[in-house]
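For reference, the structures are reproduced in the following blocks.
Next, two complexes with chain A in common: one pairs it with chain B, the other with chain C.
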Partner chain A sequence: MTKKITGIQCGLLLCLTTISLKFLAFPSVFANYAGKDVYFSVLIGLMLDFSFVLIMLWVLKQNPHLTFFELIKRAFGKVVASVLLVCLFLYFFFRGVLVVKEIHNYFNETLFENIEWLMFVIPLFALIAFMMLKDFRTFGRTVQFFMPLIALALLFTILVPASEADFSNILPVFEYGVKNTFNAVLRCSFIFGDYLILFVLMGKIKFTPDAPKKVLTCVVITYTLVILFYIVFASVFGDVGINHSLALSDLLLYTSIITETGTINWINIIIWLIILFLEVGLMFLSASKTLTEAFNFKNRYIPTVLICVLLFISIVYLYLNLIRAIEIVTSLWFSISVIAFQVMLPILSVIATLKLRGKNKVTLRQVYNQSVVKYQLTNIVPSNCKTVFSNKKIKQVKNKKPSKINKEVQNA
Partner chain B sequence: MLKFIKRHRLVVTFLCVAILLTPFSISKPAESDRMAVVTSVGIDKTEQGIEVSVNTIVPNSGQAGGGGGTDGTVKTVSATGTNVSTAFANITLVLGKFPGLAHCDSIILNKNLFEENVLEYLDFFIRTNNLTSNAAIMVAQNTAKEVVETAASQKGLRAVSVSEILLLNTEYALSKASNIDEFYLNTFSPSKTSMLPLITVGDSGKSNPDVDGGVAQTALNTNADKSVQSDSGSSQSSGSSKSLKSGANNSAKNNSTSTPQKAEESGSGNGSPEKIIKNEGKGVIVKNGKIVATIIGDEMNGLNLLSLDTKRGHIQIKNVNTPEFSNANLTFEIFNKKTSYSGKFVNGKPVFDFDIDLVLKLEEATQKTSNIKALTTTKNYVEGVVKTKLYQTAENSISKLINTAKANNADVFEIYDYFNKFHNSEWKQFLNTLENKDDYLNYVTFTLSLKLQGKI
Partner chain C sequence: MELTKNLTANLNKIKQSFGGSSDVIIKQFKCDFLSCALVYLKGMADVVSLSDFVTRPMQEAKNLPKQNPYLYVVNNIINFPEITEQTNLSELVTQITKGKAVLLFNGHSMAYLLELDSPKERSLTEPPTSAVLKGPREGFNENLKTNIAVIRKIFSTNQLKTEMLTIGKITTTQVCVMYLGNVADKTIVKQIVNKLQKINIDGVIDSYYVLEFLKPRQQSMFKQLGTTEKPDIACAKMLEGKIVVLVDGSPLVITLPFVLLEDFQAADDYYNISAHATFVRVLRVVSCLITMLLPGLYIAMQMFHYKAIPLKFLITMVNSTQGLPLTPVTEILFVLVLFEILYEASLRMPEYLGIALSVVGALILGDTAVKAGIISPPAVMIVALSGITLYTIPDQAQQLSLLRFLFTLAGSTLGFYGLIVLSIFFVMYLNDFDNYKAPYLSPLSPYVKTDFKDSFIKQSLPKMEFRPKTFNNKNFRRLR
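And now, the complex of A and B:
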């Protein structure tokens, strides 16, 4: 049985990663650097991301059956592959921590006067642990199921304030200089790089000929909505955007329509909660999968427990609050490191692909020796396999008892 | 055991979470015992410091059907502190509950807070996570406490939502939202100018024998009322708690608000006069956090004509002599209004043009002699002498407003914003030619294209 995700599910997971972190605290962080030109900074960041998405789709097309770990291992060795995966793990882990802090902020400011910290954290940890035990296919299906609601919530969040916004507030463009716009992109680079999820999904996608098209369609639509959100944010709040650290809720407060459509506003809030929970689950699931691949854990509970402990230490013990987390993330050295990492990974993937061109076909030995993940079994056909066995070896294989792999293939 | 847990993971997890959290939640008091729902806040500056008055809803368990703010369940509480934060802390002690601002829909400011910089008194509200609504800001003619206490004594929704009084402001007066976000946006804009509504407290003309504990018995400041004529009971709405009639034309009418009372039979002079909150369509211009001018009467009419959003209004002309009217005062209703503006530079100087199209309908004609021809409804009265007088009246009110704005350097038209956005380089060049860049308004030429038509 295959557990691959479809092209559209891959696109939707990429959309979910794109939405995360961009709608709550970071609009005000952007405004702190770029002022009214926040939308321009986001446009530049997303354009760069889009180019890397194209690169990644080419890499995926060339290596439909290889995971990122396998690709890098073959090209550069196991150590490099493990190090890169650990870096990916740290990236997604820290991203997940930021999303958890944003959720706490959202609960504290939108839903509750003051929510008890333990009452919030314990159920959330349980939910995160549960989500980490699932796989990307479950996530893909869930996101696919909720996508119409998510799309409606996004449109509602953007169009309702837009109806009363004064779009001339974004003029004049670059009033405080172009330098500030690029500075904003540099300092907020952590919220870009959403395509890095594709590294985790490598080898787990049913890469049909129209899969890239579906992924690109999802990406273009999501990027457009994000840019529109920032344009509306700048139009509504202008220079005072730095004060609105909960952009999503504050934008909806601005319009008078909300007072007359109270129920719809609450439905919107509930849908945003679903989006936030899915985001946090996806981040930690990605972290868990990268950790599993890096250290080759056989038991999926081990990375789950490890991540929960790390999460406990960073959020509960160290009491890493949102402001402190944002300060770390927007510091110059951290931003430069993140950009270097975001650029390096696709480039390494391209180099690895070019290096292995013609050499990356899967061998039957690798299939039977389980050195290739079992997700790929159904796509192995004789034509895309190299024959490396001699007749003697085949006879030996025939005389052996059926292995576990064969049993699973038969059962499938 | 492990197998059981593995098979029923979800149920076990749910039970664990429930068992773990139940002791925490079961002993907690209800939120309504800890938090007070604050519906409006008033800020005054006294000798002791900053006095904050809040209206809180006191749930009445004897009433079925709930609904806050009905039948005297709104209570006013005041406390003084060195600043707004400490005043709120003292209110916590007085109330015995934390004041929750999530449902606060209005912030009423005393006029004397604008003597220095009103932003220092609003800073608390812009920073607190507590205030999740976009509260409306109003300026009290007298004291904010009086307004808040009067609101508490109102029946129906008006006690809870004081900002209801501004419901039609965007159509009749000021034409700008006066909530806290908008105020900050305008204050930090290049023009640094914003406008806020001015509200007063006055007598409704009826006495109320059953006065609630929260009603202020302070002496009414009669200066506010002397400037307008009292027109008690002029705007009763039938069975609705939203009765508001605010008009831009303040020279003749008093825009009084009144809420319907269950006990309509006011006691025959036994009780004290009932106080009501009045929105007389007045506004104040605030620049850099200080009030620079008050807009009333003709200036407010001019502002209505120039604003893009107002759709209603009246123009009154006097001493009209035509075949139909003899020495008559005619009041025209603005049936339809379309305003646009544009700016350009002519010889390096900014020129701002207003283009106003008005469709007017004769609403009332008062004259001492009666003429049956004046009753014709199929005649277009906007012609000849009437049209000339209408032009003059409209131009006068607009000129008055422009002169007031120029005298106080108050850019109520957002000239700076407009030229900065759409003619940025020319505007910057123009500003560089000025000795005092803040004085730009005096160098702007205003032109007006006014078209009047009558509606039959």
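And now, the complex of A and C:
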């Protein structure tokens, strides 16, 4: 039986995906294209993401029990579904690799003089492999457990530099032109598309009536914090943001409060490291689940070992450099492909949902009739009735006599 | 094997079953025209009651009816309410070993079991591991019937259900599953009873034997089931929807499902003001973190992240660790192991040697070893602090002690990186537990809002309207 996550856990996983890649290396990449208008680029990107989140929530509401693979398979066939899942796998895998490189750089800058590769890689691989063997419910609970710390770290990272930032640095707006702002969104499209995690979570969420509200609340709060971070980044560094490739640690070092309260900064660093580890775990867990669904692996160790081998090849053997990885990610052809993928998936899901609506889907009328029969037989209002109908409707179920009941409904 | 109508044959069979054991007492006597025999184990049955209520009235009985005199004797002559009938020899022998007396008649194939057992039992004293300043001081003892009676005294309701089982081929130990019928989840009760019925073992000496079989994860080092020696705690847990398992011969009662938070709560919290209870609970959480993480953090900062240490403390530390023969890791592990040895020795040694060992331990560790330059004062202080905070949560002492070692090793090899990786690993591992449908780290993860009123904070009782939703209760509302 699939262990399902709650609405709030879904929101928190989306929140964690949103945070990933946006706080360390990419602020300087944005600044490279958009200059001081980084926050505008992020605002545009996140607004687009938000619209896709709304679309995905509608798709989830229509298909609360179907996985993405099942949905696409029923509408377009197994081959299309497998191909899309493989693309999703590649997306999350590459995102995970980027986060691993960020962790390594962050460690080198903040904690260690120069951490040895093997000492860094072995425990990380062990932890990633362990995380990949778990399910989203365990991960959701872990994120819930650490969420107070994550929230504190985010607020600290934003509010402390904000207290000394010169907000006039972000003016005038669009100093280098609107085109550069949109160019930044295009080139850094890989770090957007956080809603793609919802495709992996499809069929694994306990979709109660208030679940979308909880997800949207988490999303709005996270997006607001991300935008605030970029505003503070632009305010503190202005035109020289391009030189700060580790935005998170550099931002805090440029405040006088930190030099006086070094211990708090260390605590902040430790919490951010926890966040980064959780991010990398989530990326590879998503990659593992998509691979499992695409190839229908019965043994969960197979995708885990495969991903670990691929990770080893890309990080250790190829020694993938973060700068090189960012160059690939921000290249024009890669960015356009990613944008196409990010747009195509929600559209395909909507088409699939509309296509399936006319087919074997049980209508609300059928559910109502089945509920009437069940109530008449057992004197219990079925649970699906409680989640789908209002209290007034449930009272009608109790009072209605079953009349034109076909064989199928009788067997319910 | 069934009993026959011949008294001598039956008595011979019983003697054979006990293999000539010298504590089997067989008293033959006459009741009017009937030949009777009483069989019991020396020291197990209450001989005074046997004499007063059974043998004397029977010996003095006259004019027994010719038709069915046995029933007449049992119903009218013997002044005793608890009499059961039995024809099976092996069951009869089992009941004799449990302290019952058996009455046999010549010419009758039925034996009568008399509940006249008087086991020697300890009084219901306060358990040493759960001492309280205020509140009830009664504790369980080793007698199952007494323990059941103590719980029944608190729950004067027909909703208190019991299910009795016998486990152990040789010991035939009685085990009782108790729960509140209108609160507990029956599917979990069924699951527990099924697990108990599947136990196929030669003997059960203590409830820990049963606990090992009830654990959802056999190899895990984390505590998975609750235990208590106090009836008020057991009853409070049953009111929350939990199930209690009592084992004959053990004062330790098993409660399940279990969540980690329970060990941060103490009985005292419910008999004191809420604000103080909250303060103490937060203190316990902080103590738990200090116990687990302090030695590892100290090592990590000393070896990898000295920049994180405030300058004045760093200078003190450098001065005190100069010239030591041991590396920081070896030093801390050495002191940790020494403390564990001291703890183990203080548990096992006779009381009158306790003071001597305390003095020796304190002198050797606290003074001589430091003055000799083998270990440094900060190391002793760190490990001592970690050791003291370990016992703010005595029920988790074993696990925290092991975790302390693991975190020390992680910190010494990889610094903060190792500590963080290990922390995430353990949090994920614990979040994967569903302990009889109760998430192990509830109400933190998953977040259960109503359960927070009695978690790390303790609200006053009038505000706790609902039972904990973590435990899948049938009847959520406890207060109106």
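By our rule, the second predicted complex is superposed on the first by the 356 of 412 C-alpha atoms of A that agree within 3 Å, B and C clash if a C-alpha of one lies under 4 Å from a C-alpha of the other, contacts with A are read in each partner's own complex, and residues count from 1 in each chain.
Everything that follows uses one rule, which is that contacts are C-beta pairs under 8 Å (C-beta built on N, C-alpha and C of every residue); 3 or more make two chains touch, one makes a residue touch a chain.
This structure is a prediction, so every number in the text was calculated from the model and none was measured.
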item	value
First, second, both or neither for A:Ile270, with chain B first and chain C second	second
First (chain B), second (chain C), both or neither touched by A:Phe130	both
Partner chain in contact with A:Met119 - chain B first, chain C second, else both or neither	both
Partner chain in contact with A:Leu171 - chain B first, chain C second, else both or neither	first
Which of chain B and chain C A:Gln144 touches, first, second, both or neither	second
In the superposition, chain B vs chain C on chain A residues touched	C
Chain B versus chain C as contact partner of A:Met344, first or second or both or neither	neither
Which superposed partner A:Val305 touches (first chain B, second chain C, both, neither)	neither
Touched partner set for A:Ile336, first chain B, second chain C, both or neither	neither
Set intersection of chain A contacts, chain C complex versus chain B complex	119, 123, 126, 130
Footprint of chain C on chain A - complex, ascending	6, 8-9, 107, 111-112, 115, 119-120, 123-124, 126-127, 130-131, 134, 138-142, 144-146, 262-263, 266, 270, 273-274, 277-278, 281
Chain A residues touching chain B - in the complex, by the definition given at the top	108-110, 113, 116, 118-119, 122-123, 126, 130, 168-169, 171-172, 175, 237-240, 243, 249-250, 253-254, 256
Touch list for chain B against partner chain A, complex	10, 13, 16-17, 20-21, 24-25, 31, 35, 98, 100, 102, 126, 129-130, 132-134, 177, 181, 184-185, 188-189, 420-422, 424
Chain C residues within the chain A interface of the complex	304-305, 308, 310, 413-418, 420-421, 423-425, 427-428, 431-432, 439, 441, 444-447
